[in-house]
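Sending over a structure as structure tokens; questions will come in a sec.
Just so it is clear, A, B, C and D label the chains in written order, and each chain counts residues from 1 on its own.
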Amino acid sequence: MIDPSWISGLGVILFGIGLLGAFTRKNAIIVLMCIEVMLNAANLNFVAGASHYGDVDGWVFTAIAIAIAAAEVAIGLAILLSLYSTQETISLDEASILRN
Amino acid sequence: MLTILTLTPLGVGLLLLILPQILPGSSADTLRKVNRSISFGVSMALFVIASYIAFENFGGIDWLNINMGEYQLMNDEPVTLISSIGVSWIVGVDALSLPMVWLTALLIPLSMLVEWDAKEGHIFHPLILVMEGALIGVFVALDLFVFYVFWEMTLIPMFFLILVWGGDDRKYASMKFFIYTFTASVVMLIGILIMYFHTGDIAGVSGSITGHHFNLLEMNSEMIQSEGLRHLVWILLLIGFATKMPSVPVHTWLPDAHVQAPTAGSMLLAGVMLKMGAYGFLRVAVSLFPESTVVFIPILLILGMSSLVYGAWVCMGQTNLKRMVAYSSVSHMGLIFLGIATMQPLGIAGALFMMFAHGIISPLLFAVAGAFKHHYHTLEIGSMRGIAHHSPYLAAHMMLGWMGSLGLPLLAGFVAEVAIMIAFWMSFGWLVILPALTLIITAVYYLNSMQKTIFESNDRHHGILPESLHGEEPRDITWHENTSMFILGILTVLFGIFPFIFFDMMSDWSTSFIQDVLLEEIINQGVKP
Amino acid sequence: MNLPLNMSEAELIIPELIMLAGLIAIILIPNFGDASFRIPLSRMKVPILIGGNRFKLTSNPKLPNRVSLAIFSTAFFFALMQTTYGKVGDTLEVTPFSRLFTLIFTAALILATIATTHRIPARANLNAPKDSDSENVATKKINALIDNRRQVDFHIILIMVGLGMSLMSMATHLFMLFVCIELASLSSYILVAFHKESKVGGEAGMKYFIVGSVASAIGIYGMSMLYLWNGDLSLDALALAWIESETVDPIAGIAVGLMLVAFGFKVGAAPFHLAAPDAYSGASSPVAGLLATASKAMGFVALMRILITVTMPESGEAFWFTTIAIIAVVTMTWGNLAALTSTNPKRILAYSSVSHAGYMLAGLAAIGSGLASEEAMKLILTAIVFHLAVLVVFKFGAFLVLSLLETEGRSHELKDLHGLARREPLIAGSMFLFMLSLAGVPPLSGFLSKFLMINGIVNVSAGTGTSDVSSVMDWVTSVEPVFWLAFAIVLNSALSMFYYLRIGLVMFFEEPENNKPMKDALSLRIAIAFCALFTVIIGIGPLSDSLLQMAADAIDSFISN
Amino acid sequence: MGETKNEYRLLLPLLPFLAIVPLLSLQSDSSPTDFAWLIVVAPFIMFPIILITGQVYNKNETWKNTWKEGGILGLAALSVSLSTTIWIVYDYLIGHADIQENTVASWLEWISFDVLQSDYTISQNRILGVDVWVDSLTLMLLFVATFLCFLICWFAIGYMTTDPINEDSNHRFFAEFVLFSLGMFGMVLADNFLWLFIFWEVMGLCSYLLIGFYYWKESAAAAAKKAFLTTRVGDVFLMIGLLILYDIYGSLDFAVVFDDPSTGIGGAVVESSQLFWALMMLFIGAVGKSAQFPLHVWLPDAMEGPTPVSALIHAATMVNAGLYLVARLMPFVDVHHHGVAGLEDFGLIVAWIGGITAFMAASIAFVQNDIKKVLAYSTMSQLAYIFTGLGSALYFLNTGDHHAGYFVLGASLFHLFNHAMAKGMLFMASGSVIHEVHHAHDHLHHGSDHGDHDFDPQDMRNMGGLASKMPVTSTAMMFGSMSIIGIPLIGGFWSKEGIIAETWAAYFHGETMMLGPALLILATAGMTGFYMSRMWFMTFAGQPKSDVIDHVHESTPWIKEPLLILTLITAIGGFALAILGVVDFLSNESQHLSLHGHSLTEQIIHELEHAFLPEDSKLRLVGWTTILLSFVIGPVMAARIHGGQLKEGQSANIFVGWLVKLSGKLGTQDVTWLAESQLAEALDKRLYFDDLYEGIISRTVIPFAEFSAWFDKNVIDGIIKQVESNSVLGSVQIRKVTTGSARDYILMATVGALCIFALLVGVNA
């Protein structure tokens, strides 16, 4: 059995990658992926916690979090589509009519 | 009675503002006339009530023997407004507020009369009525929360008066007026809140979730333990009140507001709104924090003196009639601080009378200035000469008002000046030379401005008309303006010759005020009377 | 078999159940039609009512709107009438606190629904374009048809927002709290992006979504760390663990910090607020109003849960005190400064919303200073809740006015407000009233709430100065710094006055572009009038008293668990 | 003026007013002093009536012809005042009322208040009220005021209503005139310093209004302003004086203050230094009002007002207010009656100011060509005489020589009386001259009264030889001038002699500082002889210097009667009063005017002896020097320069004819070299005082005022504006952070999160 701290350590790395990606990448899809990565980092924590405490709650949280992530992606993609249909870009930098 | 006096104009004014918008029909002109008549009628009725209150009481023994804390409440039962934080409706008047209430009730119909034919009259006159309610509310409320509410509420109608009916630069002026005074009064609000926080619960305001109340009558300085904090509260209050008065160096909103305001707005602004500052200062800051007041006499002295002297000098440098009159208000308000700083019953009575006298003289000044604007379309001193030919009545009113304001005996302003001066000499000796010399400066700028407007055309039959008239035939003032100014003029003379109508009452109040509130601190602080 | 919900518990959550039922109903009802199912092998047709040609009633495009209005109104009514409180399952608890927030949320949703009636107009009796129609007319007809089609979508999402928010206020479990917030948030992303045909609609939705998702991902990660730390995410357990740990565990501290980011985004605290003005100006006014009131209230509930219920020590300064205080000051100043020169009324309102978040955060900071007695803490919390409640009236009121403007086109420029007083004196008057209330001018309700806030801060701090000093300077130097939060609020109020008045100014001063009165949107007008009326009567008088009492009761229940 | 005969019926409305006082005296047993309020109230009531009626019925024929645009109404009010005054004066003179008895009784409790005393107790109910104070000083000045107001109002009806320039605005004149009378009467009657000051200021206002009566004339308006402001400077100091007095005595009532001036409120001993400053401040007020150096600049300019105004306000009444005030101060220094010792310096200062002004004004009068300006400087100079006299009186009283003090006090006040009568008359006469010359000019240049602006009807260089054309006026003017010069036996002689003699006496008494004033006024006596004579000769003797003069003739009766009455008083009144012991009466030494038990002849001889042959040989020398200077040298010089025979065929009446002839015989002297000298230039420029003041004001006051305005606009308000613009700038900057890119938002959020961590760690570490 893997020590939970390794798992959460991986989580920290994943979270860092996700966050870094979120504000360095221009492409909205990639940012969306980064968000997924961050959510997965949280999931890893839940999993680690569940195994550490022997608590079933953590598993449940993970499952629900995955569901939330799925919903988020669905909505996100839809929004990105509608953005693309009007502005023909999904670059975060270029879609900046609203500013100041 | 006072409740009626406060709420009727508010209610009727708001109703007149809103109802016609909802009810369809009736032409704009009819509406204007109806609204105007109703507003004027209501304000006259309120004036009658106010006079009744005033004359019923100031002759009576009860009235003269007011002691601090034994207010003659017109409305006996405090009504709880917001029990959760201890707000209740307590109103009352004493010699400090009564003249102000009467003055307000007087000036409202007069200012309506001056702008009888204002454009968009269906809003104008009701707005002034709303103003009346708020102003009277400030003077009668004895609950600090309600006081503050009315205090800020006066800003709104005035903001509109300036914004909608003001001069060319009214946008800037109305914003400045509102933000400037609002800023000062929120600073004051902190002071009020510190006081509030230190009050204990009292019977009758139970159910307060905070355990505190706003009842001014139940507050005293002992409730705040820390002397430093007492001083801080006093200073916070002073900031709010001094800005309203206004005192140098926080006076610059006034000239802008005055120059841009319509005549009625200026009259009310100068006549009553400035007095709110002095009133509040006496009612709240001095009454509750006598110790700080005595400790900070130098501050009062500096503020008063700089307002008076500096204001007068600035007046001399003005070229705009209304601006000049506005600065003269600053200058005169300085005398009020000086009167309070003397810590003499006479000085305080003089300050009170100054509030009243300036309240009838300055509206006259502004009515005159407004008439210039109205009939000659300019306020530039020196752009015209010999106007007395064309507008003899205007010239006469100008003469009277100007003379009254420069403190000519037998006119109301003199009484206050001489009372303050006597007290000032008793307290500060030769320092009196500064205010005294300022009287000369005052005379200089008033005479100069008169010289350069109504006199000196070098032509027996014609004045030199301003270019802004564009060759129009100049007119004298209309009958409404004339009536209004005439009444103010008569009152100026009346209270100049018979000041005791209000002065004795004020004097008795001041005596008991000194005796009950300030004397102990004066002795403690070792201030030499 | 155990029912997941027994009757007594169901009674407690009637408003939520109504919304749930409504959600199902609003999905089903517009689909009712005369479709029938032929029993195989027979000629008998059984009407199944779903599909086919819709009935006249169910095909009416105005129906969803009415249904959702009815749902929110009933929910509001039941929430108002509720007198019994208790636990529902393990993760929900109905308290006066949650009920007050349900009221706030449903009230905001009612207003949003009314405004949407005119923002996304539904037109019954609309025909498809004919060949003879010109291109313009055809486009118009098609757009109207699209509007009709998506009526129901909008209201479904609206109800989901309501459901999420309402449940969230009851949550006693952190994970439940998060899930509910996600439900409401995800729905609100869609609402922001709802006007996908406009360029700004999609963009606003995208920004709000991306930034919001990042924030909530950070928050969830923080929550997961909290789980790692404690192993139990119910608020009670967390609070207990917090008290037991003598010093702040770094993991827990970081976890709370991460969650602050997520909730900070929701309330619009600097520097997490940046997407908010974009979202407000891109979204339709009703949605923006929803974000500024209900969504903000939701964020504050979460903040209060995490900061007060969980991490507030018994005595002494909370570890987050300085952070929140600084955020508060930065937030209010940033919001006001940015609004100062903005020319888009929605952005101005958005920034004003940011600054209001700052005021409320200042209140929270005052509690965190550890100087507050229980009384003072209650007072400040009451002030915050009261403020959130009255915000619905005047902030949403302002957005309603903007909605009215949107019925005739744009509301993105201050220019669109020019001369409103000439055209619509009452509307302009109401708008001015809302502005004054936002600025905190008495006797309006905005004043009362801000007043209570400053009052609370002063209450906490004014007693801290040394009492035996005689000079002002000594006192000033001895007073706890939290006292200056009151000054920060006051000075910011003065600063904010500038742009609030500017809106008044353009309405009353500038010449209108045209003099025509606006569209006769009666229900919207009535809603505006109601808001204006309540802005005044909640400011002073018995109604303000009872609302304050309600808030106080809510806080009592909030503190006690 | 054809309707001359009918004009008197216009006076009929006066009858009921004249009947008021007799009716009252019959009806009531009370002392006439109880009705003293009538003196003030009558004009007070009439003022608004005239003003408003005049404004409403302006241009109405009846109002114009029958009511003389309010003149008749004014006269009616003044007649009430006059008759009441006469009643009171009579009552006192016959000894019904006791002058010394004055009690504090407030007729009007103006304001009442309390004072926090230095022992921290509050005194109860101090009252500043007003009542009537009557003593000999009051009686004399009251009579002068009411009498002259009445006469000059009479004169004004004729003068003003026939002057086309005043068309339709005379109601304003009469209303202000009446208001002025109110101020003057009130000031004289007031029983305390405060009300004295109040009425004093009312007079100031009226002076302002009346000088600026021709308000459209720039010179008139400027003169009015100058008058008001200059006197205002004095008034402010006067007010400070009141404050000090009030602080010392706790009251401003004469009765309280004079009861025992050495004891202040609460029995405190009054320090002389304290009182000195109070008196000095009051004196500065008096200097301003009475146009003494250095606040004298306004009086010559004040001649811009209509001539009746000059006659009344700027010669006979208002300018005397300063003298009245100083005379009122006597009890403070009178060590004989509880006065405070050690105030000789005050007397010296008063005397010096008087001496300087007397000399300066007289020398400037040398070169004036405007007939009214000559009179104005003469007024200034004569008032200065009185000040010198009062200064001596103060000195004597304070050093304990109260006999001399009372004598010179009485003499000074007597001179005040004489001067008022004479100068009022002189101005009226000059008015008559101006009026007729103007008319003649208009007549000559028919219908073009706007055409010839160069012609100045007040310029004596346009006159000459008028003695034959204007017999009444020339006679009146001659007696008036004689009185002013101090020609023996006529009017002013009796008083002037006393002043000069006693001032010298003070010097002989050992006060070397008194030498200056004594020498100055002695010299001035001669100068007075010169410039008054010069004026007369230039106007009435010699050849006509302008073609206008041939058409001059005296016409309006309204103008003539007052002249005649005053001529009579000037010619013999002085002598008569001197014989009746007016000097002692005025200084409160005696109660009545009477022969003091002597026979008439005895008394005459006594007075003559006293005047011409005083016992002290030094004083005898001074007296004769004075007579020599003023009677011989001055007039003869003037006659030599400006005198001359009338035109062929013209003759003057016997009163003046001799003088004209005499002047013709004295020959001529050319003084062109003197007239063109630097000195004459300086005198013509009024010794540069006006330039000096104007220069100072335009270099200091006005720039400073402009600087203040600039400072207020750019610094005090500028700070506010700076805050505003900085906010706007900050706003623009901070809005730039919202770049519109979601990436940046996330970045900011991350930075924020890091900051939060930093804070959390930093604070808790």
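Everything below uses one rule, namely that a contact is a pair of C-beta atoms (placed from the backbone, for glycine too) under 8 Å apart; a residue touches a chain by one contact, two chains touch by 3 or more.
In UniProt terms the chains read A = NADH-quinone oxidoreductase subunit K.
Being a predicted model, the structure only gives us computed values, none of them experimental.
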item: Identifier of the chain whose CA centre is least distant from the whole-structure CA centre; value: B
item: Winner on C-beta contact pairs when B-D is weighed against A-C; value: B-D
item: Length of the line joining the C-alpha centres of chain B and chain D, rounded to whole Å; value: 39
item: Separation of mean Cα positions, chain C and chain A [Å, integer]; value: 25
item: Gap in Å, rounded to a whole number, between the CA centres of chain C and chain B; value: 43
item: Chain centre separation (chain C, chain D; CA means) in Å; value: 81
item: Where chain C touches two or more other chains, by residue; value: 206-207, 210, 214, 218, 277-278, 342, 498
item: Sequence positions of chain D contacting 2 or more other chains; value: 735, 738, 740, 742, 744, 746
item: Where chain B touches two or more other chains at once, by residue number; value: none
item: All touching chain pairs, where touch follows the definition stated at the start; value: A-C, A-D, B-C, B-D, C-D
item: Touch list for chain D against partner chain C, complex; value: 727-728, 730-732, 734-735, 737-738, 740, 742, 744-746, 748-749, 751-753, 756-757, 759-761, 763-764
item: Touching residues (chain side chain A, partner chain D) in the complex; value: 19, 22-26, 28, 31, 92-93, 95-100
item: Chain C residues within the chain D interface of the complex; value: 206-207, 210-211, 214-215, 218, 248, 250, 253-254, 257-258, 260-261, 264-265, 270-272, 274-275, 277-278, 319-323, 326-327, 334, 337-342, 495, 498
item: Of all residues in chain A, those that touch chain C in their complex; value: 4, 8, 11, 15, 18-19, 22, 28, 31-32, 35, 38-39, 41-46, 48-49, 52-53, 55, 57-58, 61, 64-65, 68, 71-72, 75-76, 78-80, 82-87, 92, 95-100
item: Residue ranges of chain C touching chain B (in the complex, touch as defined); value: 375, 378-379, 382, 425-426, 429, 436, 439-443, 447-448, 451-452, 454-455, 458-459, 462-463, 465-476, 478, 486-487, 490-491, 493-494, 497-498, 501-502, 504-505, 508-509, 540-542, 544-545, 548-549, 552
